[in-house]
Amino acid sequence: MILHILNRPPSSSLAYRDALVAMGSEDRLLLIEDGVLGAMTAQVRHFQAIDGRLFALREDLNARGLLGQCDASVQVVDVDGFVTLTEEADKTVSWF
Amino acid sequence: MILHILNRPPSSSLAYRDALVAMGSEDRLLLIEDGVLGAMTAQVRHFQAIDGRLFALREDLNARGLLGQCDASVQVVDVDGFVTLTEEADKTVSWF
Amino acid sequence: MRYGLLVEGAPYSSQASHSALRFAAALIAKGHRLESVFFYHDGVYNAARLVAPPQDEPHLYDAWCSLNAEHGTRLQVCIAAALRRGLLDAREADRHGKAGHSVESPFELTGLGQLIDLGRAVDRLVTFAP
Amino acid sequence: MRYGLLVEGAPYSSQASHSALRFAAALIAKGHRLESVFFYHDGVYNAARLVAPPQDEPHLYDAWCSLNAEHGTRLQVCIAAALRRGLLDAREADRHGKAGHSVESPFELTGLGQLIDLGRAVDRLVTFAP
Amino acid sequence: MRSHLPVTGDLLVILRQVPHGSSWLREGLDAALVAAAFGQSVTLLFQSDGVLALARGQQSGPLGQKGTAATLDMLEMYDIESLHFDLEALERFGLTQQDLLLPAAGVDASSIPQLIAGHRLVLTF
Amino acid sequence: MRSHLPVTGDLLVILRQVPHGSSWLREGLDAALVAAAFGQSVTLLFQSDGVLALARGQQSGPLGQKGTAATLDMLEMYDIESLHFDLEALERFGLTQQDLLLPAAGVDASSIPQLIAGHRLVLTF
């Protein structure tokens, strides 16, 4: 399993497409920084191909006031969870 | 007439949407830097709403080897033409 | 006409400085006057006096200085954006208790108010962003 | 596990440095070791010694230095990316005939080969981009 | 609240970036505040991702980064009261006017060219 | 030329940016060259806008900026011969293999995860 990390929102950047194409069937995607906009219920459809393997960083949702808008299908992790995801992955790939 | 200037390609950034929405019916759009990718025949459909008011900077097409791919509907200007466009405009607005 | 430029991209990282310098040369060649280039956001990095670019790349810092020397164009750097990025002239370095400085003439640290003044004074203000 | 970080965003301009520092603290708290932070692209601006950020913002430069002092994490800056952005230590300044320097210990200017070595030495290399 | 156009003035600042992810929003707001302090009439337009600058509940970042929500409170103090946001963008994020921390006027896409035409100088961030 | 997968190695460098517009492409290529000089086996993938790095006819910029086309010539010297490009992206720009200045292998979207899985370290630029 590879952990992919995306920091751009699908509402303004198409970097998410490059990330999705690069993901294997077991890989996971973590949304961080401005990327957490993709976890909002109104935006999460962009990631439906990886349903169940989508994560978002709690601190970045919180800072933007968006924790309440985060879709139930997204697994919210704090920074310790981010570290755990990197432990569990063979490697990480960042998309921006 | 207002001159809008866009330096991001529609193939990876949605900034072109913000620019198009902001354009009045007489306004012009100049593609510069990586934005010139939008002038390619295979990409120019993103700008069909402003057909006849789309310009691209020759130097930036040239540096990227793309002058031959530039669509016939796009008016190619060199940097002197860029200055002329700013002279003719009431003001300029940059999108990135 | 009187022009001003707003440069917001770091040199070498983005093409913004190259585009702005090229546009500056063209507008001056057409008989216009370039009052000032205002550096904001990462554009303030253009003012770093210690740059040592490779020989086969354009020397952007020297090109800005030439613009000032030959055409009297002011090179104004937003002081707030500069301080948090480590760009201090001798006076600011002294004020912040730092030894050494990273910005010097012809670049001048100024307030954002100078950008507003510039926008008011010129006929065209053109932004070059990263 | 042994970790390395690759930081590519300028401080204050993008969140990359904040995210990397936060991640660094968390991995160390979990008992991992952070060997090195490698600064590349605009990340090299993190090494600017003269930064004077506003009082009410985190002092990123000091935070990097603490990471080095408390945990022995190396702070490695790509020399090619640094030179063209005006970041020179005393030795490079001397070599390029410039008075003054903009980078000092604990930040060290090194070749890109150190990034490749780091990638080989650690179990995980995580990139924080702008 | 809908906008009553045409809105005119000296400076239009267009804010298009997300809070916390970069310094664009902060630097755009600083430009607006300084212009107002210099006696210019200033209008703000929150476009695209920039509408999130208006979202309620923003907090400091984990390292104590301020973000920009506190700066928004200063707009009134500087007499910047002409605040507009992109209705389509708000909808794109599934938000409504109730989710906003300041009174601002919604503008539809077709009104944005008028806003731009009505100001002498336009800065985008 | 199609790619024969699986391709494996020490380092995969993914290049996604346009020549001239930023230093990303140059810095990514530099990382690949240095890794090869250090004896690592290196694979390049030109993805998305990055496929334009392979376009024929690139020139210096108007201020004499080199761009990256000359650096591509050095790949062979450093024994970097595993060059791949995103077929879908090439098509997106209306280009064909004949428009490319180097022999490279086209990969379809479904093969990119295998390329990534096959390398110990992946750097994106």
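Order as written gives the chain letters A, B, C, D, E and F; numbering starts at 1 within each chain.
Keep in mind that, in the parts below, a residue touches a chain if its C-beta (ideal position, glycine included) is under 8 Å from a C-beta of that chain, and two chains touch if they have at least 3 such contacts.
The structure displayed is predicted, hence computed values, not measured ones.
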Select, from all pairs of chains, the pair with the highest number of C-beta pairs in contact.
C-D
Distance-wise, how many Å sit between the C-alpha centres of chain B and chain E, to the nearest whole number?
26
Chain A-chain C separation of Cα centroids, rounded to whole Å:
38
Rounded to a whole Å, what is the gap between the Cα centroids of chain A and chain E?
27
How far is the middle of chain C from the middle of chain F, if each middle is the mean of its Cα atoms, in Å?
34
Multi-chain contacts only, two chains or more: what residues does chain D have there?
12-13, 15, 22, 41, 57, 80, 125, 127, 129-130
Of all residues in chain E, the ones touching two or more other chains:
16, 20-23, 48, 61-62, 65, 120-121, 124
When you check chain A against every other chain, which residues touch at least two of them?
7, 11-12, 14, 33-34, 59, 79, 91, 94, 96
Any two chains that touch count here, so list every such pair.
A-B, A-D, A-E, A-F, B-C, B-E, B-F, C-D, C-E, C-F, D-E, D-F
Enumerate the contact residues on chain D facing chain E in the complex.
12-15, 18, 21-22, 56-58, 63, 130
Chain E - residues contacting chain B, complex
14, 16, 47-48, 109, 112-114, 116-117, 120-122, 124
Interface with chain D, chain A side, in the complex: residues 5, 7, 32-34, 59, 79-80, 82-83, 86-87, 89, 91-92, 94, 96
Residues of chain A that touch chain F when the two form their complex:
2, 14, 17-18, 21-25, 27, 91, 93-96
Over in the complex, which chain F residues touch chain B? Could you list them?
16-22, 48-49, 52, 55-62, 65, 67, 69, 89, 91-95
